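Sharing a structure below in structure tokens format, with a few things to ask.
In this document, chain identifiers A, B, C and D correspond to the written order of the chains, with residue numbering beginning at 1 in each.
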Amino acid sequence: MEKSKRIYMDYSATTPAKQEVVDEMLPYFTEGFGNASSIYSYGKEAKQALDQARERVAALIGADPQEVYFTAGGSESDNWALEGAAFKNRKKGNHIITSKIEHHAILHTLEYLEKTHGFEVTYLDVDQDGKISLEDLENAIKDETILITIMFVNNEIGTIEPIKEIAEIAKKHKILFHTDAVQALGNVEINVKDLGIDMMSMSSHKIYGPKGVGALYIRKGVMIDNLIHGGAQERKKRAGTENIPGIVGFGKAAELARVNFKEHVEKLTRLRDKLIDGIEKAIPYTKINGHRTDRHPGNANFAFKYIEGEGMLLLLDHLGISGSSGSACTSGSLDPSHVLLAIGLEHEIAHGSLRLTIGDFTTEEDVDYVIENLPKIVQRLRDMSPLYESAKASGEVK
Amino acid sequence: MEKSKRIYMDYSATTPAKQEVVDEMLPYFTEGFGNASSIYSYGKEAKQALDQARERVAALIGADPQEVYFTAGGSESDNWALEGAAFKNRKKGNHIITSKIEHHAILHTLEYLEKTHGFEVTYLDVDQDGKISLEDLENAIKDETILITIMFVNNEIGTIEPIKEIAEIAKKHKILFHTDAVQALGNVEINVKDLGIDMMSMSSHKIYGPKGVGALYIRKGVMIDNLIHGGAQERKKRAGTENIPGIVGFGKAAELARVNFKEHVEKLTRLRDKLIDGIEKAIPYTKINGHRTDRHPGNANFAFKYIEGEGMLLLLDHLGISGSSGSACTSGSLDPSHVLLAIGLEHEIAHGSLRLTIGDFTTEEDVDYVIENLPKIVQRLRDMSPLYESAKASGEVK
Amino acid sequence: MQYSEKVMDHFMNPRNMGTIENASGVGEVGNPQCGDIMRIYLDVDDNQIIKDVKFKTFGCGSAIATSSMATEMIKGKTIKEALELTNKAVAEALDGLPPVKMHCSVLAEQAVKAALIDYAQKNNIVIPELEGYEFDDAHDHGDEEE
Amino acid sequence: MQYSEKVMDHFMNPRNMGTIENASGVGEVGNPQCGDIMRIYLDVDDNQIIKDVKFKTFGCGSAIATSSMATEMIKGKTIKEALELTNKAVAEALDGLPPVKMHCSVLAEQAVKAALIDYAQKNNIVIPELEGYEFDDAHDHGDEEE
């Protein structure tokens, strides 16, 4: 197998930690390993490292350091924000509003709140680009509504939601607003104060930091229940001995993301557009999913008619290219991605989706290589496909 | 300050990661960084690493690998076990039994279940050595009892609880039994099958693995609700992109703990006994807390009358020695440690407690150094203490 | 999820991929909603021997591999022999399939049977083994996978 | 939690630690339950000048440091001046205390006052500023600390 070439195009799934990040983490494993909550010198070093990381993450999103609470990742942050807000405000009401295209860390948490704890959830539709309608949102609000949670940037199709406008509506109705910004962090401009966000989930491993670390921004004054109860860490809001190396790594990654922001976005946008344009020209019967411009700078999402995604991923992998698909086969469920269905794709087309997400280590040559090879792969699978054969027979395909 | 000498004696708070552990983690930060759930080669490497780590942790506790679920640490494992079991079995009953000396990750979670979710909790007393009474346990069981959670080894005083006997009682009454084995792991023999444990919490950073990783053992057949909802990771039981480097490190640490177990326990026990005996001889008006023999091999816990713990820690730190104390001042709360009060210590004596916990990097010389210097520190503080002065005046102290 | 080398080989180099003009029998199972369609073409001679067989498949890697293997297993065989093809045999011949992918082998078995039924109908033959044959929903993806 | 260098200095090298035999006044505040006791001894001359002062303290590092600083601040001063000693002044002189430790400075101020009250009683003097003085529970450890 031609595995020597390795082209990683799944940065939205996870990113490698940057070398600078790992370098900064290393001393904290074996030397500066103390418990940040303890009094002796070992602990003080850990505490200082923790403080610096908190400042760096806060700086990336325009927050005060005391508003940043470290967690074990995006999923925990999402769970915490939703359950914490729900249980804290139960007496006020039991209604929550979200969208149909949220990450499972949101959707499954809400399902759990519905089934096990008696909350009621409204799932807003999105348009064909994946955007929610502000009018729908206004209409969904009831007296019992205690929380609105809408993601900042969708992880599959890259669409950016109108966060500022959503926050304004939430504020007008005095409802808490949470956003899952796991995909947005480092990729779109975020200033939590300007945007009026009450809570925001972040994850380190999507911005070249280590896995197993994340954060929840909680605006000063917003009170939610704890999710992980126990010790007094994170100002008594999130128990567990602090993962100092991980947090230091996240801090460094945040710092790099802040400093390199402009460059990063420009480069990704350029390569992404090249990729989308190249594939669109080279492969007929292709749909581009997600909003064309209000979009994650590194996200390209295609649906190729007549074929199924898993085979594509395997053939791409054979050429050293890593991508992902919203097909049912790759997720192990019966249905293709809920996001693709929510933007109106038919099942059979959704099965043929391919997400290629690029990042800081992607090169122009990588993109060229994909544009050169993907058309052959798609054609090969179409030649095997009874659907393609039927489409040719019916004249749908020439 | 004489900071060149550094004697870490707070291994029960956290341990440094061993170099072998860090070495094994490193490649997974920057290279084998793929998402374990994805299909392409990057992901496969991650998956294999994950499987190996799971086998290693399972081997340390005599479990099947499929019974081990990775989490972000001991606190999350505790929260998950308790909330998951509570909510899953709510229809059967709302009563939970625990002890008064559990870690806060247990106690505060139970408090939350009481206050916010209407559960009822019985807190068992312990004797002067810190052991629960099996008779009390039997008597506390009601028809509504759905869960018993008793820690394996206490983190402050090192006492080992009668886990096998507790498990038998739980089984007889068909009640789930969870144990917080964060301090026990790697330090006492654990075979979950022989012991009859249903759920068990573990944490990596207490056994020379990285921070921010832990595991929950869930016996096959035991069903509990999820705590972190979202993606299908950990066989759909714990969402969140897997922290591969962290998990790999935990796996390696577990492997080392298993292989070196006998040696580790023998060495620690010898040094601990030397330390306890040495201090007991050198410092009058001292109480040794915890069971003398059924005890964590590295744990020494003293209460020195007439003085307060924080000053001791500061003076020890000045000599490069790190320890911890159950005094109120170090925890930032009004009361001294709930564990010390539960074993019957009076407040003023509990304030003078000092926990020194030794580990794999502790040397004979370290112990000698402490035995040489601690008496001077205690005497210095006693000389400042009005309580000591009064005790001399009354003849209590000669 | 991991495929055996055999599965990968049959996916990368599928045997008998294509169509047969004026086939003696054509069978199609699955539906695009669920992400799998298999179509099998048979060329059966007068001695009821399967002289040639081809497939077209829309579906994941294992769907293509099981189609390829199934066609290879019945090529040159009699109809009677082809009737004995089970999904287990296909999966075993591929050195196993991941649990979530077992339905692909079921689909392959069904596609062969569907082609045989079509052949029987076209030729007015009764194949007793296929009387009342039911195509269950093969899509039991299971619930416990990663 | 972190102490300033001044706090560490006064903790490591406490000034005026000890007792005074036949002191003009002795004051003790705090209780062992809460983990802090401060006892202050005064030697006041006929001109109401504090010629000497000593302390004994059971408590954390900052309790010892505030005792040390407070005694230093009133040594050689008149009673009137000593009465003006506030907990804030003690804390400031130490370059600040962590929020959870502010009660130690309150305790130090109270210990000085208690010693002065004892002196007044022993000498049948009325110190108007101390009439009806109340020793609040200084133990407001706060709730938001680490």
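To be clear about the criterion, contacts are C-beta pairs under 8 Å (C-beta built on N, C-alpha and C of every residue); 3 or more make two chains touch, one makes a residue touch a chain.
Every value quoted in this text rests on a predicted model; they were computed, and no experiment measured them.
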Steps needed, at fewest, to go from subunit A to subunit C via touching chains: 1
Most widely separated chain from subunit B, with each centre as the mean of CA atoms: C
Gap in Å, rounded to a whole number, between the CA centres of subunit D and subunit C: 91
Averaged-CA centre spacing for the pair subunit B and subunit A, given as whole angstrom: 34
Distance between the centres, which are taken as Cα means, of subunit D and subunit B, whole angstrom: 39
Approximate Å spacing (C-alpha centroids) for the pair subunit A, subunit D: 56
Sites on subunit D at which at least two other chains make contact: 1, 145-146
Residues of subunit B whose C-beta touches two or more other chains: 39, 232, 310, 314, 330, 332
Interfacial residue positions of subunit D with respect to subunit B in the complex: 1, 8, 11-12, 14, 17, 19, 28, 32-39, 56-61, 63-64, 100, 139, 141, 145-146
Subunit A - residues contacting subunit B, complex: 3, 6, 8, 10, 13-19, 21-22, 26, 29-31, 33-35, 38-43, 71-76, 78-79, 87, 103-106, 108-109, 111-112, 116, 203, 205, 210-213, 225-232, 239-246, 310, 313-314, 316-317, 320, 322-324, 330-332
Subunit D contact footprint on subunit B (complex, rising order): 306-311, 314-315, 318, 327-330, 332-334, 336, 347-348, 351, 383-389
